[in-house]
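Which chain is which? They are A, B, C and D, in the order written, and residues in each are numbered from 1.
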Amino acid sequence: MAGSKYAYVKNFEIPDPLLPNTYMVLRVDGHGFHRFSESHSFTKPNDQRALELMDAAALAVMQEYRDIVLAFGESDEYSFLFRRSTQLYNRRQSKILSTLVSYFTSCYVMNWSKYFPSTPLEYPPSFDGRIVLYPTEKEVRDYFSWRQADTHINNLYNTLFWALVQQGEMTPADAHATLKGTVSGQKHEMLHSRFGINYNTLSARFRKGSVITRKTVINFIVWIDGLETPESVPSDEPDGLKRKTKPKVTLEISHVDIIGDEFWNKNSDIL
Amino acid sequence: MAGSKYAYVKNFEIPDPLLPNTYMVLRVDGHGFHRFSESHSFTKPNDQRALELMDAAALAVMQEYRDIVLAFGESDEYSFLFRRSTQLYNRRQSKILSTLVSYFTSCYVMNWSKYFPSTPLEYPPSFDGRIVLYPTEKEVRDYFSWRQADTHINNLYNTLFWALVQQGEMTPADAHATLKGTVSGQKHEMLHSRFGINYNTLSARFRKGSVITRKTVINFIVWIDGLETPESVPSDEPDGLKRKTKPKVTLEISHVDIIGDEFWNKNSDIL
Amino acid sequence: MAGSKYAYVKNFEIPDPLLPNTYMVLRVDGHGFHRFSESHSFTKPNDQRALELMDAAALAVMQEYRDIVLAFGESDEYSFLFRRSTQLYNRRQSKILSTLVSYFTSCYVMNWSKYFPSTPLEYPPSFDGRIVLYPTEKEVRDYFSWRQADTHINNLYNTLFWALVQQGEMTPADAHATLKGTVSGQKHEMLHSRFGINYNTLSARFRKGSVITRKTVINFIVWIDGLETPESVPSDEPDGLKRKTKPKVTLEISHVDIIGDEFWNKNSDIL
Amino acid sequence: MAGSKYAYVKNFEIPDPLLPNTYMVLRVDGHGFHRFSESHSFTKPNDQRALELMDAAALAVMQEYRDIVLAFGESDEYSFLFRRSTQLYNRRQSKILSTLVSYFTSCYVMNWSKYFPSTPLEYPPSFDGRIVLYPTEKEVRDYFSWRQADTHINNLYNTLFWALVQQGEMTPADAHATLKGTVSGQKHEMLHSRFGINYNTLSARFRKGSVITRKTVINFIVWIDGLETPESVPSDEPDGLKRKTKPKVTLEISHVDIIGDEFWNKNSDIL
């Protein structure tokens, strides 16, 4: 075959399988989103549309990649947890990383105009990604706690910072100086006393980030001819036809605490 | 700091630097593009619009990432060569791979409507990517020869296959059976005798793929006040102002042979 | 400093940390030991001296490297299990692998003459090694079950094979042919009926391999002046001196089943 | 087969091929040799016997592994360069690293008593090792220059340090303090003026380290009956027997400069 004398160059491709039976977390991060958010006039400290667009891209990724069992998003980043035993693309690192980051990006750009109907894209947004392996449940929980704690810390800071700038008419430099060294309690107090903001009543999306889980609902009947009927609908079962219920999986997005035990007890199938 | 007790999970991120001073080739491939090309009614055997869209995305990538010195595209894939000494993202593999595949995807989706104005995207296209390292010039040349030989082999086959199907009214199965075992010369002959097609007169884009290089042109004058004037334009140089020529780099796309020496002699700055 | 212009070559050393909090198993294997065992006239099917020499080297390795919690040896191989959280050499793979294989080899050669007093080394024996990571307890147990099952299979085969050759005066080729396709029960039966050997009464070392564990004995008293006295020895405690017991760790070698639960229940501190 | 249900644990072995067509350098280093050299009363600043023992081990390694084209040793370390295209053990990193470090260690221990006839080994010496890849000739030369420059720097320092301690009766702390901040020329001068030592007349082995090359000599005749005769020896060629010359490869150890071009010009087959 023509070309076969060059095919040896394929031997330079080094295999990159991920260790089996470990939890894989893929984190996608906006690349240069400080500039991107300014170019596209994102609302500060949080832009509801931008967050919803991130959620939409993440939902699409989870719809497409069924081995993802949990996703958590905040700001311009999203983390995806795969079930431990996933064999997606034979666990080849580059293949998984590149394909999913690409798909996420594609969904983000395709859905842009839905969330920003009057703001055309100035230039192509991009995301970087990384895959981290965790051997145990504890580390997985701590990973997601780490991200949600980060959400909290950043959002409290940013909420107060932008209040000082937008309502308090401080310069950004003065606002940073004012916040320097303050602890969490002081920030809550400043928000309340200066701006009448009760932090805990702000949108849970801003304070907790977005959590996507799969919800398994066993409420469908599958007739043996393949037709599906919701279980709740009374039906005349044709004679001689067996029926069985089939689990139906849907995605559910919420803005809840994932640091404490409650979430994990309720979603005990994740780990 | 809140959250710091979880920060240890960062230690599970394994560093992934690429060996210094090796040539890095990043290849981006359409993911499931057989289905994608059918869903979006790509013309067979080649869709000019689809190829131009790939070129547009690749040009944007090279515009953004200055350490890419050569790109070659065919069908739904593109290969990018970095200069040997690039320090892009400290040569971290995951960072380079994910960011560039993401940027390519973003450009592809953003530019879609320009090339397919009457064909809305049915679903989000995605690309996978991989990075391969080559230690010597010879392997780099052989890599690009491998891809261009592949272009030739596939295009000759596909051109004849679709002629048999579209003009010869064969079923795809019959067309494959007819082509089985034929060598290059026989395919040229069949194209000519049955369909009056002289293969060598077909579009070079289809036969050779797309080659993007940087063209350095030293023909601009930069006045010390920052204004640039093309050197060819006669100008009255203001008294006391120094002038100097500045190399201007532009991207050039062509559809030429990159297997023989001629291309590499003419572009001796690539390797 | 002279030489500093060359020091950049150090940048080509790629970091190779092993994933944290996973079980590390290092397996050392005799390199070309088929030939080595013939050159040094090892007794067939098992050479007690050679096995004891392997055990001696493994004991020395465990004495030196305290993070090894279990070792299993058979024939010319030994597997070492590190505690999950070991930080030995910062978990650098090459450093751990090379240093321990080197130390094992060194102990093997140094102790050779003790176990083979009348057989000088004909040439330098060597071992290869590999490190495998396991994320969970189950895989660690299955790894050691895999090695001990291997011991059993090989030893049963070899015992019968060598009986056929040595006592049955078969050629090796005939012996292999005779054994081909036989199952375990048939081999037991042949050993018994033809050679009067009850396999289960053979040395446990041959049938089960060697198992090295750490035995923690809290029976020492450490006076604050640093002197240690066995707890059982009655002692007059000097006035004003505090005493505390110190756990004393010793190594214990045995030839027991490690596939069933009993061993792991008794040694619950290993995993 | 019994045991097959455990065999899945083999899937956790991750392939580790080294990038093809790159220069591989394996460096072996004495592990804890500061203590080892004291325990075994090595002569300071250089122990001729210890260096010759290192050389003997390195020669044995090169005798066994024919793809090593150059070795350089100093103090308690040795570096081995493989020819670029070596396929040793399919370029598997762990296999190459562990086997060669093991073999080196084995040779070191086996040959100990030959070089230290009246000094028994107090405990098992060990070595660590690492493999570094270099893509070009320049880096290979710079790597070896780096090691030989290191030899020079250390030997000059140590020679003067031990002269101050042994002949000058300084404490080690005072000697270090005296040397602190001195440049090369000052050290030469101190050696000469205080101790009458002309550094450049010291043993080349101490100043330059050890260099092992393969010397190919085409001067043997191989008769077709397999007998070899040096070509220079006149011989009656039996009628009807064909003869051909065969290249004979021998190892050559020297203590020469490998930083300048002369060595590489003379040994142009290394790179």
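Odds and ends about this structure:
Heads up, the rule we're going with is that a contact is a pair of C-beta atoms (placed from the backbone, for glycine too) under 8 Å apart; a residue touches a chain by one contact, two chains touch by 3 or more.
Worth saying up front: this structure is predicted, and the values here are computed from it rather than measured.
A comparison of the C-D and A-D interfaces places the larger number of contacting C-beta pairs at C-D. At the interface between subunit B and subunit C, over half of the residue numbers appear on both sides, which makes the contact a same-residue one. Between subunit B and subunit D the centroid-to-centroid distance comes to 47 Å (mean Cα coordinates, whole Å). With centres defined as mean CA coordinates, subunit D is found 54 Å away from subunit A.
A straight line joining the Cα centres of subunit C and subunit D is 31 Å long.
Counting partners per residue, subunit B has 12, 19, 21, 133, 139 as the residues that reach two or more other chains.
In terms of inter-chain touching, the protein chains here all touch one another pairwise.
Listed in rising order, the residues of subunit B touching subunit D in the complex are 19, 21-22, 133, 135-136, 139.
Of all the residues in subunit B, the ones that touch subunit C in their complex are 11-12, 14-15, 17, 19-21. Of all residues in subunit D, those touching subunit C in their complex are 1-3, 6-10, 12-13, 31, 60, 93-95, 97-99, 101-110, 121, 124-134, 139, 142-143, 145-146, 149-150, 152-153, 184.
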